[in-house]
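Presented below are the structures under discussion, each in the form of structure tokens.
Each of the next two complexes has subunit A plus one other chain: subunit B in the first, subunit C in the second.
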Partner chain A sequence: MSLRIAVLLKSVPDPKLWHRVTIDPVTRTLRKEGIPRVISPLDRNALEAAASLKEKHGGEVTVICMGSSGAKENLREALALGADRAVFLSGGTFGGADSLATARALSAALQKLGIPDLIFCGAVSYYGSTGQVGPQVAQMLGINHFSSARKFVYDGNMLTVESVTDGGVLVARGRLPLLLTVLREANKPRGLRLSETVKARRKEILEWSPADLPVSGAQLGLEGSGTRMIDLLPPTPGKDAEIIEGEPEVVAREILRKISVWTCGTGG
Partner chain B sequence: MIAQNNVWVYAQETRGGIAGVTLELLGEGRRLADRLSVKLTAVLCGEKVAGLTGCLFAAGADTVILVENPSLHYYNAACFGHCLEGLARRYHPQIFLFGATQQGKDLAAVTAARLNAGLTAHCTAFELDDGGRLRQMVPAFGGRCVFVSTGFPQMATVAPGVFQRPDLDWERRGEVVREQFTGDGNTAVKVLNFLPSPRAEKGLADAAVIVAAGAGVGGSEGYALVEELAALLNGVMGATRPAVDEGWALEEQMIGQSGCNVHPKLYIAVGVSGDQLHLSGVKDPDVFIAINKDRQANIFRHAHYGVIADFKLIIPRLIDLLKSRTHI
Partner chain C sequence: MDFRFNEEQEMLRKAAREFAEEVLAPRAEEIEENDEIPTEIFKEMAERDFFAVTVPEEYGGLGLGHVARMIILEEISRVSAAVAMMLQVFHLGIHPLITFGSEEQKQKYLPDLAAGKILATVAITEATGGSDPTGIQTTARPDGDGYILNGRKVFITGAKVADIAVILAKMNDDPGVFSAFIAEKGMQGYRSGRTEVKMGLKGSDTGDIILEDCRIPKENLLGNPGAGLKISLNAVGEVGRAGMTGCAMGLITACIEASVSFAGQRVLGGKPISKLQGIQWKLAEMFADLEASRLMGYRAAALKDAGQPCDAEFATSKYFSCEAAVRVAKLACDIHGAYGYMKEYPVQRYLRDAHLMIPSAGTSDIMKLVMARTVMKRYAV
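This part shows the complex of A and B:
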């Protein structure tokens, strides 16, 4: 059986540059201009999971992303990393969505495509880190899911999954369709290859607006969100540290004096 | 019959007991319920869990809604989600809190989707406004976001360690309301096995001494050096997001908003820049020392003592001194 696989991808400000994100104390909004957008790191593992399954069992990988215009570059990259086509949900009332409204948009897009056999996404995104969207999409589509998968095996019929949960690992088997949120341990994402990058330029990116989806616009974006951010409080200034200076030996001895309460019982 | 508009806490069973975070949430839930003059309800689902209700009352619950069924032996999103959705539709809680454990995060998301309710993740404080609406505080980029829900129930997840565990009062009694599980079970998914974590985790959450490594340790060699210091101090090793991303540290060692919340007595941060996502997870250490060669690092605005130097010069000296104990 050839597999129809979807990957849910989130575009996030590059986590390596997060220290440049600040809160504007006047407008009380986040300032993140000029920070390049990248594929949320664990979504790369989701993409790799999909691409390697396709290579083994045959099928097609569709990557879906909701985001602002900058995210299109990330979709193009996903097409070079194993996806066959992309769906870009952008514009209009998609903006300002919380996890609930995001899950509605993504599940409506999946419904329009026809529910795939397998859906992958990262266990958490690197911006909100909520981990909510994957399980919520599964609920809205009425399919089963496993969160935080570290390993999975597909035998052509059933999927066996190891998912990391509280105090251990749950090993379970499920029939398709299934949604999996994947951890970093699940695989090692491939790097970009020039030949694939060239091929990706010819692949299709479908662009859908809210009107293209089988869901009311009032269910999407800010209006459809179940939560609302009503304030963003700027940082309270911290008190500067007392600086310990000098030669390493002097500094080390001074540190030990500060922490002597905890070192009395150690060593020997 | 239970009144509507109560404050609910999802009671998670772990290894035959109640998860610590559930007790912490009952403490906070008690405060909210008293302010709102409503009851505090714990919702407990499982196969044979009736024996755990006493602990929930001791932590502050007025009522426990108990659902027992063999389909609820292992956590399974479909069955547990079905269960909580049915209960919430029947009893209309105004607030529904979940611990941000693996299970709690998943179940909260699933239940919120089924109820079409908003869900705020990683809350570190709650306030009630004049109208009794729940203000949900989430740390972000040095400041705090304030969220409200647009409908009911107002749902939120809270990481372990954010709220204090209440003193347990074993004399407290309450009402147990038994509800039937009405689902069919989930036949499309079958649990084959549960593999408990092999090592008894020396938990970050309870550690008195924590040494944390950040991006500035530069590699697994630097990380190992910091680890040696942690071991000599009988401490537990923590890490920041970049150190986990680089593969030097494990996911469960991550301290901060999407990792663990810690409240050590001594906290030593090595090569940690100190963004708020990390610092929000470190609660009031008695002594907080930062070692970082970047004078501008935000960590120096939060630590008690700062060492502006290459850790590779300082830590080996510390290790030598601790080993020889000539400093005493």
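This part shows the complex of A and C:
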């Protein structure tokens, strides 16, 4: 059976360069200028899940992303990684959205496209890391979902999923339409192939503003958010914390010595 | 003039960088220690279409051109100059077939070369002729409906792994005439010989190709009889030099990244050495060398993609960037102090790798001869 599959994708600052991110002392926002944007790593797993299913069963993969203009290149990348077309929600009042308002925007886009058979997204984003958007979208669309899937099998009719929970692994089956949030263990994402980057040039990216969606603008962005960020602080050392300063080799040796003392009671 | 890369080129760069960082980087030290590139690396490069970059689409390639090729080599060399060197020579081996091959030869070899199912190299250099290819001793004697080749090629990158080699030979019946032939691994009388143990570029396979009464069928004569020198010099001049430029640029970037990282952490007198003007001056020189190399290299590649003459431009970019690679690698070692000599730090590898870039695809001295010819012609009053 040919499948209509959607992937919810987030563009994030490259996690490998997070050490360069700073907090603006005045605006209390993250300063991420100059850090390249990548597809949130677990969304790569989601995209791989979708692409592999399409290649096995036939169908089409649409990737949907809400973000600033810099995210568009990540969408083009997604088109080179198995997606057939992309929808980019950008501009206007989309900005400042928390997970609730984000889920509303994505759900509205999915409703406009027609609810697909399967929706994939990463279990958490390498940014806000709430893990909420996927389940929220499923609820808004009135479809079932499984979170934190490490494995799934589609038999042409139902999906059997292994979901990792705090208490263990849940094995369950569900009928389509379904939403799945996936873990890194779900698969090994394919690498970018030059031939696919060439084909991706010719694939469609639809750009939608808030006015294009079947949802009120007041439900989107900062105005539509259920939460407000009050402040953003780097972690401060606790009162008993000890800061070790010096050359990296010296610091490393001292840390090892201290761990040795704590665990073995010896100087190491 | 717009000096920016376009969106498609940035995507190619991303694809190459992803391979370099995720597949190659974890194995770069293993390649260095074992002096061998695992076959999985070639397989991954083939799967990502790195061999298809310059092969025309009608032969299974991507036809992306030489700016695209240079981007890929630059990104790979930033992580492993040895792997970049192998890839650049595979492209070099493919080029004469694209430019001078008959339709039958193109149909026979290019699809598999583009897919990475077979690998190619170019075999010109001998003990008696490198900078001056007319000094080679390998002969080709017409024999029935083919040719018999005898000789020994040296310092051939890919000598062991290449499945086909474009061989330059002088005609037995007229030693002033040179022809090019496509030899295949498995042909009687063709074998790889000793593999060199090099100071650097560990893992890139450099060695002899030996021809002992090697019978080449007549359909494997490449180009017209007597066109051997033209074919060889075209390949080395426009593709070999471009490849070395790409390799040099990537290595220079790696040197700068390592130096900035070290200088930011190394504390002397209570502050990181990156605060010292002496270190900053070195970093500035390295940056200038990188910017100049990139401008020269990509400009020459863009000229080639536009079908414009680019011989002198590639000679200049090759000369400058490869000399700069050695210069910058030494500065990187200097910034590291004694640490720069220790195998734990990569900069010593960069210095050893950089040195071979100077004599490869034409020495700096030969590049200067090419440049001088252009200067005297272009600026004659």
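In the analysis below, the second predicted complex is superposed on the first by the 231 of 268 C-alpha atoms of A that agree within 3 Å, B and C clash if a C-alpha of one lies under 4 Å from a C-alpha of the other, contacts with A are read in each partner's own complex, and residues count from 1 in each chain.
Note that in this section a contact is a pair of C-beta atoms (placed from the backbone, for glycine too) under 8 Å apart; a residue touches a chain by one contact, two chains touch by 3 or more.
Everything quoted here is computed from the prediction, not taken from an experiment.
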Partner chain in contact with A:Thr102 - subunit B first, subunit C second, else both or neither: neither
Contacts of A:Pro248 with subunit B and subunit C, given as first, second, both or neither: both
Touching partner for A:Leu233 - first (subunit B), second (subunit C), both, neither: first
First (subunit B), second (subunit C), both or neither touched by A:Glu77: second
Contact breadth on subunit A, by residue count: subunit C or subunit B: B
Which of subunit B and subunit C A:Ser195 touches, first, second, both or neither: second
Partner chain in contact with A:Ser90 - subunit B first, subunit C second, else both or neither: neither
Contacts on subunit A seen with subunit B and repeated with subunit C across the two complexes: 248
Residue ranges of subunit A in contact with subunit B within the complex: 15-16, 18-19, 21-23, 30, 41, 98-100, 103, 124, 128-136, 138-140, 144-145, 147-148, 160, 162, 164-175, 183-184, 225-235, 237-245, 248-249, 251-253, 255-268
In the complex with subunit C, residue positions of subunit A that touch it: 73, 76-77, 80, 191-195, 197-198, 200-201, 246-248
Contact footprint of subunit A on subunit B as seen in their complex: 12, 14-15, 19, 74-75, 77-78, 81, 101-103, 105-106, 108-110, 112-114, 116-122, 135-136, 140-151, 186, 188-197, 208-209, 232-235, 241-242, 245, 251, 257-258, 265-266, 268, 273, 275-277, 287, 289-290, 298-309, 313-314, 317-318, 320-325, 327-328
Touch list for subunit C against partner subunit A, complex: 7-8, 10-12, 14-15, 18-19, 22-23, 44, 47-50, 52-53, 62, 64, 68, 72, 265-267
